[in-house]
């Protein structure tokens, strides 16, 4: 494998420098950050125009109309699109013709509005009503009768495990969940998974039984709570009545539900955000490139150099700021 | 003016200290790992089982919808699932709907598909080895198409048309044997979504998954986990791998620890920092309130 | 080419032996033509074909049991481009027996044989086997044999197949079982022919009528309330703090002499949240025009910018100050998420708006914007239906419009009865939905019937 | 003309968009696709207006040497460079697509040989044999017949050289050449900027959130009211349950977190989704029938 060309080595150094320049934003708004900000915006705009040209203008307009990819009615329709574009540009030519620009806008807004109405009706409203409208009953899966899919869906299970359970129960019906989870044909790993998934609240024992007609009490309660939570939160979004008295009480409960939900979502997010920082750390430490490249890039040294450069630059900048403006007005330090 | 109460001073506590601590929390563990065990959550297990249940040589559509900012969360899963698919000899078709993705996807393909991820005798890995795939024979990269939800609908109805009948390298799809009979998403045995946001897993579920009852598993950023979890409950997604922690779990299931597992440690420390920040914030708040109750000025 | 011809002939001869005594020479000489047709299909074989394929136990090529009860029908709710082919396979059919479905357009000129050559006299006709490596490349969907086209080769034991065809024509189908030995076809059953059948496009998608019902119901509710709004004096609507905050915030900016920043979200016009945001922008622009406060609109997509500009111009016109409108304050930043976040953060830190309004569709950058705005001490009002971002707006902004409140905002800001009627209609539908949910939950839990599943298949 | 026609246009296209979802006919589908590409074209063409807008805003600042004018130059410069290297001017010139192939027929033996001479940053593919170049000739034995040959650079941004040579038994084929640099969006420079400017800046901006969640949590998660208390309790439970150490301590935490997601969180989100969908449908209908028309102007 050949050595990484020097121009790419420099590229990695640049990337590391830009990374720390952006991070300097945590200290406060400063020249290094401004530099990256504007560079980034500029590059992204160029990038976008290039992609828009290559993915839409070239195939859909140039090739389609002038390249002869379309003909007959379709060509005519496509030319209409071109006319709409020209109308949109009318205002650049002269304010007097700006009103022409409303034709394309009227089309695009109304067209998408129409599409969205159905998409919402189907994927959001219809689907959610359907889920909310399903049974709140929580029967346990009968290990001795349930089909393989049902067994697969059990905690700690898998298609392989389900198949083995089916075979085992054919040989001899299960007498208990423990019996099922410890049959000989299961591998140690599978047994371990099942054992780890045991539990009477939401674990295997709550979901599975060896006879028909058993119910998962906690699951039942949860489903009921889920239903009530949905309805109460819907009441919160009810605009036509003042939220006082019983309605007020219900919508208050709805708000609590929403808040729990938001808290949970926030908690989930934190992990994701931290992983992003990890990703940056990996990069500036040169852990995301092939070893032979890392040997040429010396990312850690490049990082130290960047930090030193930026720290020095910031110090000089701060000193000059002080001289220019001894007392910064309150709240005017762009720290974020 | 009396000396201000300590809680009041802390009220105006400069949050940049928190930034500093968080910074250390991220960097230090990378040098001093804790190696805490990871435990795959049910949705990750479901995703793994779905892939595991594929027949040999199954035909799988992989949509890589991400940009560089999401790679830390999604790349570990991507590498794990590709190894998983390759050792099941799945035939892969790649595409992306993110304009920022193509350069990344090309790199991924070079690193994970064109060459073996876990060749026989790879250290720290005792699973079945995979092999280098040959483009347009074992896998096809269709490339990028813009158009957000609209283009995803197009995939559902006419995949070839959406890509003008050509692979990314210009090869006509009709000339690629493995593409025979693959005209729309419903023709695949599984759809794998590596999805950093919109358009992504949600759009796939909304615009094609629900309509065509596609078997789909998705990996998403930890944020979107809450957003997509209901789809797993309702079976619209057969599995969901949420963020780096989920990826760590998937890596464990596949048996090849990678960046996800390593990052899991940092997640621990970072999470503790956030929790401490919350606790600290409340201490300050209640101390201040008690102080005011006692008639302290503020 | 000549090399391939030789190969083809060799294959043909071997195949002829393979294909049991029955394979008449005609089939053999017919070789060349199909090979020609095959050549554009699939890549040329990596190495030239070996002189003879491993001929597996020739004489004993069994005559297979064919399929029975072949049905070809247009699928339900179809777009007129598909035909469902279904059939029954013989019991105990071996695993390596695949089902081949071939199709031809009815009345194709120059297609006399009732059956395609592949099943001449019920034995596998070598003329079709093609170059041996790759084994099945010759016998795959899309391959043409004279007038016939292979629609599918089902190796998984499926007993049905949905074929995609050109609309508006009649099609004939032939279904035969094919014995594969190491992927090489060695024998075929007698074929079942059926047709002609014509694909039919359904008039209405019956599976979606439930959703149509939703839309129709909401539409009629709106219509009804709009008519009622004309007569009824006052339509009570509870106050929304977030919306009132918008009005106050504009005033506050005026007092402080600082601009108002309005961000229209990170989706293009195709997202209805963006449309809702732009509708609110109209009213905000009207207010800023009346108070003579600067309004900066940051847009993620140029098309959104174009619409926003039009909307703002209209707002200034409504306020009677069309002259005060400055188009260049409707900015296109960039359509790259974090470059956009960087740019807007820059505006927040350097223009120091006294009010930041984020309405529309937001993603990961929401907290970046909100935290930066917090540092400058601006009043921040956010509104989105993006569930993942609501927590951040709730924690970091002063007011947050949650989900439906975003769509309601424009109605709130113009106290027009027609718009308020919309909220009434939405509320009425919520009642309907809740009743529906409760009823069907009871019904489903009791195990009587699954209403939800019926209405929304 | 200025007001009514747009209104009617909106109603017509809106009504069509409403209806098409319920009409499976392929003709309808075809028309809908066409209209979608209209919208896509408009959206793409608008980027020209976007570019103009940016010029309109930044150019005066540069001309008047306002504060930060230098940064605006950087902004425009970045965009200009990306356009220069990204737009397909390169289609004007056309570098080679196939390697140089010299063939000496005859010789004995059933097999044939391909001799590859490429620099060490080029990877060759001959038939099924793949390997890195060394600068020195490499001999590869191949079966007679068509042999696919490909020379590609390890780095992105170069056009691979491909050809298929029909070798007869005993032939010796000498292959050489260096993949030419590519311009345009798959080109060397474009990908370089993407990898080393766009990528790091993008990812780092995003990663700032790791720090902001901490400060936001510190500031906002204070138990001022029942609602706030619930918010922060749920957040803490989720943090512990989702972080690997939660599972390590006890499987209760992940289960609790999952339950929190599945039941209360899910209930709330369902309500939000339904409400939002209702609002969206109402708004959409409003726009279509023209009750909301602020984007259509009036004068």
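Here are a few things to note about the model shown:
A, B, C and D label the chains in the order they appear, each numbered from 1.
Heads up, the rule we're going with is that a contact is a pair of C-beta atoms (placed from the backbone, for glycine too) under 8 Å apart; a residue touches a chain by one contact, two chains touch by 3 or more.
No experiment lies behind these values; they were computed from the predicted model shown.
Between the contact lists of chain A and chain B, the overlap consists of C, D. Seen from the C-alpha centroid of chain B, the farthest chain centroid is that of C.
More contacting C-beta pairs link the chains of C-D than the other of the two pairs C-D and A-C. The mean-CA centres of chain B and chain C are about 22 angstrom from one another, to the nearest whole unit. The geometric centre of chain A is 15 Å away from that of chain D, both derived from CA atoms.
Shown for chain D are the residues that touch two or more other chains, namely 18, 21-22, 29, 39-40, 42-43, 46-50, 54, 68, 185, 194-195, 198-203, 205-213, 215, 217, 219, 221, 231-232, 235-236, 239, 242-243, 251, 258, 261-262, 265-266, 269-270, 272-276, 278, 280-281, 283-285, 287, 295-297, 299.
Each of the following residues of chain C touches two or more other chains: 208, 211, 214-215, 268-270, 272, 275, 303, 306-307, 310, 335-339, 342, 350, 364, 371, 387-388, 390, 392, 394-395, 402-405, 408, 426, 430, 433. Shown for chain B are the residues that touch two or more other chains, namely 19, 22-23, 26, 39, 42, 67, 69, 71-72, 100, 146, 149-150, 221-223, 225-227, 230, 233, 245, 267, 270-271, 274. Judged by the touch criterion defined above, the protein chains are all mutually in contact, each touching every other. Contact residues of chain C toward chain A in the complex are 208, 210-211, 214-215, 236-238, 240, 269-272, 275, 303, 306-307, 310, 333-336, 338-339, 342-343, 345-346, 349-350, 371-372, 375-377, 387-388, 390-392, 394-395, 402-405, 408, 423-424, 426-427, 430, 433-434, 436-438, 440-441, 444-445, 447, 450-453, 455-456.
Across the interface of their complex, chain C is touched by residues 67, 69, 100, 148-150, 174-177, 180-181, 183, 197-198, 221, 223-224, 226-227 of chain B.
For chain B in complex with chain D, the touching residues are 15, 18-19, 21-23, 26, 36-39, 41-42, 67-72, 100, 102-103, 106-107, 110, 132, 146-147, 150, 154, 157, 222, 225-227, 229-230, 233, 245, 248, 264-265, 267-268, 270-275, 277-278, 280-282, 285-286. Against chain C, in their complex, chain D makes its touches with residues 18, 21-29, 39, 42-43, 46-50, 53-54, 56-57, 68, 127-128, 143-146, 148, 164, 198, 201-202, 205-206, 208-209, 212-213, 215-217, 219-221, 231, 269, 272-276, 278-287, 291-292, 294-299. Residues 1-2, 5, 7-8, 11-12, 14-16, 18-19, 22-23, 25-26, 34-58, 60-61, 74, 77-78, 80-82, 84-85, 88-89, 92, 99, 102-118, 120-122, 124-125, 128-129, 131-132, 196, 199, 201-203, 222, 225-234, 236-237, 254-271, 273-274, 276-277, 279-280, 283 of chain A are the ones that touch chain D when the two sit in their complex.
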